[in-house]
């Protein structure tokens, strides 16, 4: 089976992963409307490609928070990589480093932050944080991550409680006994996320800032009002995200929300987006609409499921090649030439 | 079979109810366009969720016409509950009381108002009225309801004649001989609703007001013009309803009509809505667009069909849990924080 | 099999008519887009029903060009009724008279005008004309029709050549040898309509006016420009029609074109519409948008195919009942109360 | 099997061509969205047909760059005609001449320009050029074409690199060994188009003008900005094209882009369009929106696959007949009467 495009990896993962793992990764909240809208919304955006511009060299490199990455696609934080591949997040870290891009490691990794760091020394990594009721535990995690050389702290804002994912409930999803959420001190029961603190507010950003010198990126913003609040509270970046459609169903597709957030932010901080990226041209659309970089969630897991580190590199390489080709065919020789003039929203 | 969401109850009822009963409950007028639009219209509304608001406590209680209910979902008036469960409306009354919400008992109940009252003393109940050609009979019903402690009188305005429900005609639908429309004096033949008075006009509201001190709620309003008339004639509440799509096909979806009615009413009376509610997030959308409370019709019948009183409680509990979770994920800690800023209409 | 709605007659006709006849009646031009759009366009119109208006008596009668009809649905001109039922147009004429409505007999009838008149003396009938290259033949037809008591002359304007109906070409459609286009002097070969004169222009309206005192109705108008020309040339009525989608594919649905034509005409002449009427509520929509009356084509043929005169009466009676019920449920007690406030175009 | 419309030829080709050839011709980039949109976009355009205009004679002739053609449909440049029919481009040239229309021969023909010329002396032909890294080779091709009597030079602007056509990658598409890209000196490997020069810019138009007196037509323009640049650089015509959806996926449908380009060009040069033409009425729509002529790609190949020169003539004749009929039914007696008033964009 030739792996030509990202859907090939999806088909592979659906075929070879245990059903309970596939369902967990695929799950969306309620009717999965938002999960699917994330993809459909990209299809409603049309390119306005420009011709006869010298594209003999197409430079796809960019920078996020000052760090160069080989192209504007990073790895979004997702949990439980060992469900996809035995080496779990260690493989993810190695693939991200090999491709010279950014990997956001999840609190709910099945490897420790120390194992992740050791697996791919020198790689660009951010650490994703849920704030727990036990604030001391969260503080400890932040400080471990900083000490290990993680270069950004990503606060997930959209999970005061876990969304209602029907298949997980039907399956009675929980981690197999030999896997652990190792970053948390005691064994952690998935689907009973009672450890999370639903009382977190914007003021807790100040508390995080008091704990660390790492730049804080907030993940899960979907409105101009919250984007403004994020900037005012001193975050350095915003990831426009709906948690892959796994939290509140029937919110906006992220690429649609991106437009609103970018407009509100007016360049004061970097804006990223995740959700629904399946082709290199999706990356081009996101950048045209103002994202500095995109992050992939499920496609990275499919890559892992295919061949671990190597499979994830395949996924990233395909997206990179497609992105480069899309840029060339749209008439862009470098990322700085990408702008809103390249796209229009279809009326359909 | 795990009952995870309301569609699970629908699937159960479709499988286990006699076809003639399922068809009767499922029926829509003509092509069933409006019946289905009631559901689809909710899907075209997108949330604008807000993050990092303290949602450690989410209070879903509200009040309708001064009475507190545990959450803003009541039981809409539907006929013939014995078709769904042997104890019929007695079970409905018990489940509504157990969940501390409002039950609107139909004129076309298969239990008497007295039986309903006795089954769940102290429950919050309104009585739904069709005005019959025999006005004395209608007067008697109103006065019986008031004497039994019903706290509101719901006048159904959209049924001067019964809509054309093709399946009922094909099936030759009629109640089985052992069931009776007990509230009406003599045996009543369904599908030959010739007892109803199609000459009713707005002036009959005054007549009703002369019969009772109960607040009058009008059900079946879909336009701003009629909403204005309703307010001027002194009703205390409006239920935006198209009778579950069973009357005039190809009228508006109720959630769409709600916007027009709420705008016309300008807070002078309470506005409610029924039709198409299938998830807790639908309730949140309706409240965001100005409804004080929603009422469920078919989902209540599916709950009864599943396990009588207990099944209906399951349905209500699922909607309550989903509503609470949706509020939390949208950033609302109490019903008073829900507002129009939470939603937008999708362009699709 | 119960005949509950018009689609039941369609299903019957599809099952029992010879394929070549079914295909001929069902045919649309090219991809059949317009044929199908005629129906879909009705579905995009939403009612705004009004409540609590006295609808104890609903009067569905109306007048067209001064003649009273029992309800605003007439029989559009279609050819070759013997393909549907042995007695052909004689049965059609009888059914129309029995239901006290207007029947527009086609030039391409398989009975003579004399046979049609004799079958149902006193019925309200108009005669539909194609202008032939042999003008004398056309003149003779007009004068025969006038002499036989036809009360209107309908000039079809949209058939300078026959549209491309793929199935008819594949089937090699032609009338069976025992059927004749009897109104034309010599045997007439269908699908080779070379007898028609494609050089007809607006000035030929004046020529027709010189031949007859019958009011002239023009059929096939779809634009405001042509509506204006029609009024200026002294026609008495306009039938908005796209020939059932059998001529130029991908023109407008007739109910959409009706709005444009009604606006242009500003009440100076009567406007009618055909195409896509399948339910009584479609009739209500057409009247709300300004049509004085609608005409049905294929549904009449399905009625004939079912049981001849009796079947067509069934079709008309169902439409009449549905129309009356729709009026009542929308709050209209007479045709004069129907207006544009009753409908709105869905945004979808 | 009767060949009634263009889809019949498509079905034939799909059935009888080797899969690898069918896939190559059918291929679109990525998800094939733009390939399919080219067709769907025509369906969203509605005619506004006019009646009672003398259409006894319908003249479908037109001129492109001063040369008369029998109707406004030419043959777009596509590669490798021997994949469809043994005689390849020689058959194409003969059919185009027989039908008195324009054939744009591709650089990637499987016959030489000399063979094409000899096959149909005196036919109206343009030559399509890709600029290669080896500029001398390109210069030689241009000069050979001019010497052989080609009357226009079509520069393809949208292929700095080949689009990602998944099926071709899966199939490992390459020309069978007995076919050659004969116009290029040494054997040429398809799918490794490294011979193309991705550094071409607008200035290279001046270079081409210095090589030849042939009028230059640019193919692949989709935006007003590039249309303006094309005019300023002295091209004589613009072909609005997205390469049949084979290059950048999710660009605009060509008929949609045509509107923007025609508006920008304001009549200064001729504008043509290709992509998605499947019916004579599509041609009428394109002309109504400002195209001087359309070009067909895949339909020509299907005609070749059916019966070579004769099959392609069948395709052209069907389009011509349909175009003539559409003109008549829309009320146009000559190409000069076609204008924007004939069409409107559907809101759906």
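Note that the chains are named A, B, C and D in the order they appear, and that numbering of residues resets to 1 at the start of each chain.
Keep this in mind: a contact is a pair of C-beta atoms (placed from the backbone, for glycine too) under 8 Å apart; a residue touches a chain by one contact, two chains touch by 3 or more.
Just so we're clear, the structure is a prediction, and the values are computed from it rather than from any experiment.
Colleague: Chains in contact with chain A and with chain B: which ones?
Modeller: none
Colleague: Quick one: how many steps at least from chain A to chain C, stepping chain to touching chain?
Modeller: 2
Colleague: Taking each chain's centre as the mean of its CA atoms, which one is farthest from the centre of chain C?
Modeller: A
Colleague: Quick one: compare the interface residues of chain B with those of chain C and tell me same or different, with half as the dividing line.
Modeller: Mostly different residues form this interface, as fewer than half of the numbers used are common to both chains.
Colleague: In whole angstrom, what separates the CA-based centres of chain B and chain D?
Modeller: For chain B versus chain D, the centre distance works out to 60 Å.
Colleague: So the centre of each chain is just the mean of its C-alpha atoms; given that, what is the distance between chain A and chain D in Å?
Modeller: Using C-alpha averages as centres, the distance is 42 Å.
Colleague: Can you list the chain C residues in contact with two or more other chains?
Modeller: none
Colleague: If you go through all the chains, which pairs of them touch?
Modeller: The list of touching pairs comes to A-B, A-D, B-C, C-D.
Colleague: For the complex, give me every residue of chain C touching chain D.
Modeller: Contacts found on chain C: 30-31, 33, 157-158, 160-161, 163-164, 166, 169-170, 197-202, 204-205, 218, 220-223, 225-226, 229, 247-252.
Colleague: Looking at the complex, which residues from chain D come into contact with chain C?
Modeller: It comes out as residues 2, 4-5, 43, 45-56, 279, 281, 322, 325-326, 328-330, 341, 344.
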